[in-house]
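The data blocks that follow each hold one structure.
One chain, chain A, links the two complexes that follow: it is found with chain B in the first and with chain C in the second.
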Partner chain A sequence: MKKLLKHHETYLVIIIVILSAVITSRNANFFTAENMFDLLKSNSFYGIMAIGVLFVLISGGIDISFPATATVAEYIMAVVIINMGGNIVVAVLIAVVVGSILGFVNGLLVYNFRIPSIITTIATMNIYYGLLTFITGGKWIYSLPDWFRSFAQIRLLTFYNADGAAYGLSIVTFIWLLVVLAAVFILRFTLLGRGIYAAGGDRKAAVRAGINVFFTETFVYTFMGFLAGLAGVVQALLVQTVAPNSIVGKELDVIAMVVLGGASLAGGKGSVTGTLLGVALLAILQNGLTLMAVPPVWYEFFVGVVILVSIGFSSLQAKKKSGNTSVIELSLEEAAE
Partner chain B sequence: MASAFLEMKNISKRYAGVQALDSVDLNINTGEVHCLAGTNGSGKSTIIKIISGVEKPDPGSEIYIEGTPASNRTSIESIHQGIEVIYQDLSLFPNLTVAENIALSEVIADRRKLINSGDYRKTAKIAMTRIGVEIPLSSKVEELSIADQQLVAICRALTGRLKLLIMDEPTTALTRKEIDSLLAVVMDLKSKGIATLFVSHKLDEVMEIAERVTVLRDGKKIGTWPANELDSRKLEFQMTGENFEYSHNQEVVNESEPLLRVEKLCRTDNFRNISFKVMPGEIVGITGLLGSGRTELAMSIFGMNPADSGSILLDGSKIKLDSVRKAVKHGIAYVPENRLVQGLIMEQSVSKNTVITIIERLLKKSGLINHGLKESRIEELVDKFKIKGPSVDAAVSTLSGGNQQRVVLAKWIATNPKLLILDGPTVGIDVAAKGSIHESIKQLAAEGLAVIVISDEVPEVMNSCHRIFVMNRGEFIQEFITRDVEEREILDCISSAE
Partner chain C sequence: MKKHAGIIILCICFMLLVPGLFAGGQQEAADGELEIATVVKITGIPWFNRLEEGVKQASSELGVKAYQIGPSDADPAQQVKMVEDLVSKGVDAICITPNDAKALEPAFQKAADKGIAIITHESPDQKGKDYDVELIDNVKFGRHFWDMLAKYMGDSGDYAIFVGSLTVPLHNLWADEGLKYAAEKYPNMNLVTERIPCGEDQELSKQKTLELLKTYPDLKGIIGFGSLGPPGAAQALKEKGLDGKVSVVGTVLPDHAAPYLKEGSMQHGILWDPKDAGFAMTWIAKQVAEGKAITNGMEIPGLGKVMLDGDVIKVDAVIDITKDNVDSFGF
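Presenting the complex of A and B:
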């Protein structure tokens, strides 16, 4: 029990449980399988990008440009499949290649010029997004191919509710699940993953230990770009339109989810579990406010409150822990030995 | 005759016009405990970099490892040859576990791509048994004490086939007890045929077990001596080329109205029943082991951690110190341990550094800086502290160590304090600069300033202070008048308390 309380994740679970209980008491529709599957589907877009942000934060950097990357990848993907045809594999491939290239550029800039990553990615965000707006004139795309539309409808598990309407585990959620598994594998079981933690903890020590910091650093930004591209496809699958301005502005929401999940902006800390809980918390909050008929204008206000309460909670615990260092007690203990 | 593990002949290294090393010879035998001593800038760190393969020596230099030529190596090759360096900052990963910190370099060396946490723990356990220590494997390194972190660094070095361990200033942050267990570990390594090279700028505890000492000065080798032929005065002379007479402060300040009077000050878990007085013009030393509560006491007098009970009187009137702001307002200045060394903006000019603490007092009514006033204040301070440099507009980094320290003192004195608290004023500075700092402190006291010096170096408090308190486990255990006491007595007092 004591060990559990040490983990930031424990507090998130407690907050999620309390929040869910409150919402359920006001609207029984919240805690239903149908609503849960729907949440898992509609939030996979955020969930995928959050994993990318997690990697960048652990490495000690930050990326602001990923919504712009996602938009560019999504738009190029849409233009290609509309004009040249293709299938879902081609669509995904185009988006992730474009995303990876843009991410790789971020990584190169951050590594080679040692510009703080926040500045670098604010600059590239403006460049990526600015070029896209210039070339496309901000035009929306509606006429996505039929095969693209029908892919989005695929369910791996199907159930029917009382009214006979179908619901279940969407293919989109499944994509998110694959990303999560890949992330856990990389972070826990590969030298690359541990190298990302190590470089985020102490970059100089990582260089001295022989970790290839060029590789870890370019990898995290490229991976972020890769996932942004994938998230772009998922977004197009979910809403079936492509708009140059629909994703931009989401960067702070996603970063908030990841930080909520325990990742540190100073680098070296963060977990996939925590990130999933961070995404879940904000998703449940938004959904719950809607179900409780709270006017949407209040959404941002409550997001702010929830972030402060949950981060404040675990920071307070950390502070308590470090404040316990005493001089006298320690020496008395030693004397007793 | 022991066989040489490392032989270095005629090692030179030039960096952009600076001769960092000039034809230095150095031999380290298998299983030897060797000490490399020198002041800052003597070339110690350059020679470490060359031994560890981080830097290459200039042509003409010869290096042999176990008899085979090895002048041209990379750092990875040097690790494979069994040479590991533990830097002063330890180079550990604070956010990773003990097991991972120990085992990671082995994983990298083996070019493995995948990781198995079971292997980690096994590797870490083996390394720990080799030196007989036990640290919880799954603790994060940031949660450990400095001494334990150092042991983790040693264990990490042990995962390879270690032949030579280089430790850069290993004892600065350790208590005496921790140093003893470190020395025991080194002796244990020695019995396994592993050599240790200690690098230090002062004569310290590591000399007790060193067999030979090599001294560098200005990039040149002065000589190598058996450790038992050197004492601290001889070594200081070899390192600096000058004889420093560490005289004891012979003066006694007459009893007068105390500037600071502390009565029965207590703070839970930090210190208790602390009572003392400081007269204007008096320098009071507080010494004791690391962790005796001396820094916590100073922070309470500076308002950072307010005391739980007891009282502080300044100029006879009781004051409440519950914030730094209040302490500064009452004329108390506190220079923390690393501030004297790190408190300068090295690339900025001497003049900007000296007035940085009082810039808001140099404003015109409009809120802009009054340059005339600023210039005159700078001139005054530079004169007073005899700061010597190319010019007041030169970057602080171009000044010598002693002059840099004077800039720091000038900066704090500019605030016109009544009471100056110096925590470890000469930590990390070499002997030559130390003496001049002590002179500056004494000069300030002679002008009526009350000074408290906190230090774990007994010669330092003997040299600068009028009265000395020994602190142990949060209490003052004895008071000494410097004039009437020998260094030995204070050292005995400290060690008997332990």
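Presenting the complex of A and C:
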């Protein structure tokens, strides 16, 4: 129990449980399989990008450009499948290849010029987005192919509610699930994953330890681009409209979810579980505010309060720990484990 | 040296390119035809691309040299500079949708000193203009949404409102006017919650609609201001098999709304056509530049009779978009 309390994730779970209980007491429709599956579907887009941001944050960087990357990948994908046809595999391939290339450029710039990643990616965001607006003239795309439309409606598990409307595990949620599994695998079980943590924790030490920082750094930005491209496809599947300005502006929401999940802006810290909980917390909160009939003018206020409370809890705990424990006690504690 | 060569080549390319970009505007007007420039808030978005079509139509139909320019983002300072440039160039009239009414006043004064006509759009209280053109009456426009919603869902029952954000002036003005009107005319229509700021984000509108359905099971209608609100709502309704049972009325671009109107998950769109605004501004600018008077009840070709209210010209050019006419607009 005591060990559990040391984890940031534990506090998130507690807050999510309390929040869910409050919402359910006000509106029983919250805690239903239908609402949960709806939430999982509509948050897949955020969830996929959050995993990418997690990797970049762990490696000690930050990426602001991913919504622009997602938009460019989504737009190119849409133009190609409308004009040349194809299938869902082709669509995903185009988007992730474009996304990966743009992400790779970010990685190269950050590694070679050692410009702070926030500046680099603000610059590339403007370049990617600016070029897209210039070339497309801001034109929206509505007429996506029928096969693209019907793919979005695939469900792996189907249930029916009282009114006979179908719901269930959407293919879109399944894509998110695959991304999560891949992320856990890379971070937990590969040398690359260890290298990302090491480079973010202490870059110099990582270099001395023989970790290829060039590889880890370009990998995290490329992976971010890859996932941004995938998220772009998911967004297009969800809304069936591609508008050049529909994703840009969401970067801070996603970064907030990941930081809420315990990733450190200073690098070296963060977990997939935490990130999922961060996404879940903000998603449930947004969902719950409407379900509890809270007037919309209060939405932002409550989002701010919940972020502060969740971060505050675990920071306070961390502070208590570092304040109370002397070096010897710490080593004893570690020995006891 | 190699490095310098690169820079020099770049400079030369730049110098070669830049005059080319502006050359279109610099050709002398042939045999004294009027030159009328339109300055929009921002270039490269669908709304003003459509407005430009009206300007081009006016150019060919009215025999004037009319064209459209605008800043790359909605920047008041850039607009001021563009107006000043047009004044020094000596155009005959300037049509403009201002980003900032106040910032433009000194530039308009300079134009007036040189006898250049100024026609504004979406800025009825603008100082220094000759005329302002409005294609909708905001009060009537707002009320129209409630009339249409009542037509589809009946004059009693629960409904909700989407706006682009709580700070978009026009959306909230329409909502205010409509609610005042509904309080008297449709007392049995019940707004379930305050207006929800999601109308500029289709995915968010979809999510909010799903949540509304779970919170207010008797919901019968949604009014959406902001062009992405109604399609998002329609998608959610379709997904839950409630298309047609909950009515959706809102501002939409016709081509975007077409699939939803046709499948019946959305009932009615209300908008005005920016192309009409481009045409109307240029038409009025031509009248003023030629020294002709604008009078109450005179007719703008293709748009109908005007109502003159001081120096504000109102034309009732609201378009109703339904499944039957949605393909006829071409935007």
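Points worth noting:
Here is the rule we go by: the second predicted complex is superposed on the first by the 323 of 337 C-alpha atoms of A that agree within 3 Å, B and C clash if a C-alpha of one lies under 4 Å from a C-alpha of the other, contacts with A are read in each partner's own complex, and residues count from 1 in each chain.
Methods note: a residue touches a chain if its C-beta (ideal position, glycine included) is under 8 Å from a C-beta of that chain, and two chains touch if they have at least 3 such contacts.
None of these values were measured; they are calculated from a predicted model.
Using the contact criterion defined above for the overlaid structures, shared-chain residue A:204 touches chain B, although it does not reach chain C. Once chain A of one complex is fitted onto chain A of the other, the partner contacts of A:134 are limited to chain C, with no touch recorded for chain B.
Applying the stated contact rule after C-alpha superposition, one finds that A:190 touches chain B and leaves chain C untouched.
By the touch criterion stated above, A:291 is placed in contact with chain C alone, chain B being left untouched. When both complexes are overlaid on chain A, the residue A:10 reaches neither chain B nor chain C. By the touch criterion defined above, A:142 lies against chain C but remains apart from chain B after alignment on the C-alpha atoms of chain A.
Of the two partners chain B and chain C, more residues of chain A are touched by C. Within the superposed three-chain model, A:268 lies in touch with chain B and out of touch with chain C [touch as defined at top]. Of the two partner chains placed around the shared chain by superposition, chain C is the only one that A:235 touches, whereas chain B remains out of contact. Per the touch definition, chain B reaches chain A in the complex via residues 75-76, 79, 87, 89, 91-96, 100, 104-105, 107-109, 112-116, 268-272, 291-293, 296, 473-474. By the touch criterion given at the top, residues 44-46, 49, 166, 192-197, 201-203, 206-208, 210-212, 214-215, 228, 231-232, 235, 239-242, 253, 255-256, 258-259 of chain C touch chain A in their complex.
Chain A makes touch with chain C in their complex at residues 27, 29-30, 35, 38, 42, 45, 133-134, 137-140, 142, 163-166, 235, 238-241, 243, 246, 286-287, 290-293, 295-297, 299.
By the touch criterion given at the top, residues 188-194, 197-198, 200-202, 204-206, 208-211, 268-269, 326-332 of chain A touch chain B in their complex.
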